[in-house]
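In what comes next, chain A is part of two complexes: it sits with chain B in the first one and with chain C in the second one.
Entry: the complex of A and B
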């Protein structure tokens, strides 16, 4: 019995670590840059397929892919904001209109990225085996890659949190999230910070994709599920709260792991039930104002 | 130091400023007086770049600043302490002050400036680790003023610093405004409390319906019949 509990808990933490990264990414894009990026999952898919390709064709260690796929996606996200979203922001009269038009643009991006992935990698499930040696933890047996993934997810999350809490740019990002106009008056270049936030969001998606591919199969259409989970976690954690997204990710991961231990096909349904209950009872989320 | 010539500005389709011109010399305290909706805040927003004028020019230290973004204007040395304080509610008092020192030059000196601000507002030092939203109204205004000072500005524009404060705190706010000038900072002040404002200001401009209707030395405006009737309730 204890073995089972440890098993479910570690699985939950692993899922939670990945959900946390995904949600922190979406939180930066929606909470700060005001873009509800429903193509977020597609960026995760790109990270995962990038890692798969590098491993399969060039024999590159997935952990090294973190520093390849992550920065590439960061630059892509940054460039996307500097071109597409910046011009949308200019042409939209208000922030409300911008949220609408950027949502539609992301919808388009979702299809473009997904179809490019299907043409280049095919529509079938891919996977590779890395660090799948068993490790005994309190009687429960795990593949080593799961523990490595969890350690990296937590490490990346904490590093990013310290970046936001301690550095000058991190403080500017938090200020821009709380009051963009006032941050501008302080001397913060708002357009630049928003583009950086979008880039950091894509970076988190890329990291999550790399880590996911080490434990789970990869598919060109895998993105949407993760986008939905990210939206649920961001609302659960409280919109715009980075620590909230991080904690919310782990909560949802553990719940998902418990539910799928009882009945695997119900985990997504459980997420929706949590989402609906949350909107009814505490729509501001756990860390929301 | 600041020279505004023939500014016209709009809120959507409604014209908010009509042909406004204004001059501020170094180390002056200039008051902007007018009823609610007269365009005072709009004028400050236009100077700090939050609003782009449709026509006219703004020069600061000889350089044109109309059309620049707010962050570029802040870097030139204009601090805007906005209406409603606009603090960062879930950042600590210390972090709010650090944000005030965001421009490159100010960031290098931020520890020294912080000591100075803490000397002016000892309460802020006591509460340095607290989140800004947990402060009382008076402390929040002190923080807003301190944050403005952190950039070591040449010109400080303050919008309604005494709004919502108890009378005793209002006096304190005016004392701080006067001390800014003693540090060599030029001040452009908007205040509901016209009597007090005209007592500390060197000169004042009166805005009505987006137009400047009179200007002059504060001591003369205090004796002006129209001002007395409209703004001082005499």
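Entry: the complex of A and C
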């Protein structure tokens, strides 16, 4: 019995690492750039398909794909903000109006990216096997790729946290999150910082996609599910807080793995119920102010 | 020419145009081919969804992504009650179930402002779909249901009647004090509350009225589709489409959402038949372009053109 509980808990932690990484990206895009990027999951899907293609056609190690897919998506995100969202920001009168119109624009992006993926990779499920050797962890057996995924997710999260906390650019990003107007007056190039933030969000999505593709099947319509999980984790952990995203991610991962253990078809419904309760009880989240 | 004669002249012409349109649409099934009737039913459905959405979200600025939930409730009502009760009763029931769901959801969530409300309402759609799927797989042991089929002329007339009633309600809401209260909420909710508007009540009631018409539209459409399952009934597309159509048309005027829905519904039919694989792609591109270049929709574009004396 205890073995089973440990099993389910470790499973939840492994799942939670990925959830956290996805949520950090979204948190950055919404917390700083004020874009609720509903097409976030689509970027994850692109990362996953990119890795799959590189592995199947060019025999490139998925861990090397991290440094290929990540930067490509970073540039894509940066360019998107420099073009689309910058002009939306200019044309909308208030920040509320911008949030609404950018959300709709992201829905448009979702349809565009998803359908390009369907036409280029097909609608069926793809997958490959990498590091799927079993590892014995205190009696419970796990595939090595899932442990590698968790390690990378935590590593990327810590690196990014240190980047935000210790570097000059990180300080500018935090300032922009707190008060864009004041940050602008203090000499922060606000448009540039927002675009960088959006790019970093896409970078995280790309990393998450690469790591996901190592353990889970990949398909063109997988994005929305991850976007919704990311939104729930962000709300759970508190907007704009990286430790919050990790706490929220691990909580949701553990709950997800408990519910899936009891009844697999209800895990998404359980996420929604948590989300709805959370919005009603504490909309600012665990680490929120 | 003083203002009052201009107004009356305009309203007489407007009234005549509306009367002629009413008569054309009533007599249409007598001489038009079946395809036209079916296409018009679909267009009317989208107009109902869009105008209902804009009834609440237009003036208040709360972006609801719940239409698919109310639409699905209507569809499931038709599927469950369709065999047992007369059609009109089923459709009204579909409206009322949506109405009560909206009352409940509204009471729980209309405290949430901005983007959280949009996410919450979208989550609601998916939650209902997953719970229904679970129910069907584990309790009833089936997936999907059959809905009793009805002739397409009947479907057309009911959808048409639904649309006309909705438009009357929408005009009434716009012109009444109630509509003024709604707009004041959109402008500044705290100020509206201070001037004596019962903010919560106004929001919830409007949200529920808009849900009623979406629910009836769902119940009518279910009889045309004959087979449904949770992901057909609670398709998130029915949440996005009304938003897009209303924004494309512009929510500042009542005819904005109508025009937006009519154009898009026709465009959808056109794209699906000609480019079935690229339909959603083109749809996404139009969505992005519409938001970028016409933030106030067709209405805004036309008003700008009128003001600018022909120069856009």
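The rule is simple: the second predicted complex is superposed on the first by the 288 of 289 C-alpha atoms of A that agree within 3 Å, B and C clash if a C-alpha of one lies under 4 Å from a C-alpha of the other, contacts with A are read in each partner's own complex, and residues count from 1 in each chain.
Following the convention adopted for this analysis, contacts are C-beta pairs under 8 Å (C-beta built on N, C-alpha and C of every residue); 3 or more make two chains touch, one makes a residue touch a chain.
Being a predicted model, the structure only gives us computed values, none of them experimental.
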Superposition on chain A - do chain B and chain C clash or fit: fit
Partner touching more residues of chain A, whether chain B or chain C: C
Contacts of A:183 with chain B and chain C, given as first, second, both or neither: first
Once both complexes are placed on the shared chain, angle at chain A toward chain B and chain C, C-alpha, multiple of 10 degrees: 90
Chain B versus chain C as contact partner of A:171, first or second or both or neither: first
First, second, both or neither for A:228, with chain B first and chain C second: second
Contacts of A:272 with chain B and chain C, given as first, second, both or neither: second
Distance of closest approach, chain C and chain B, by C-alpha atoms in Å: 15
Residue ranges of chain A touching chain B (in the complex, touch as defined): 168, 171-172, 174-175, 178-179, 181-191, 289
Interfacial residue positions of chain B with respect to chain A in the complex: 48-50, 69-71, 74-75, 79-80, 82, 86-91, 95, 98-100, 102-103, 106-107, 147, 151
For the chain A and chain C complex, residues of the former touching the latter: 30, 36, 84, 87-88, 91-92, 96, 99-101, 103-105, 107-112, 114-116, 118-119, 228, 231, 235, 263, 265-266, 268-269, 272-273, 275-276, 279-280, 283
Complex contacts: residues of chain C adjacent to chain A: 61, 63, 108-109, 112, 114-116, 118-120, 123-124, 126-127, 130-131, 133-134, 137-138, 240, 243-244, 247, 277-278, 280-281, 283-288, 291-292, 295
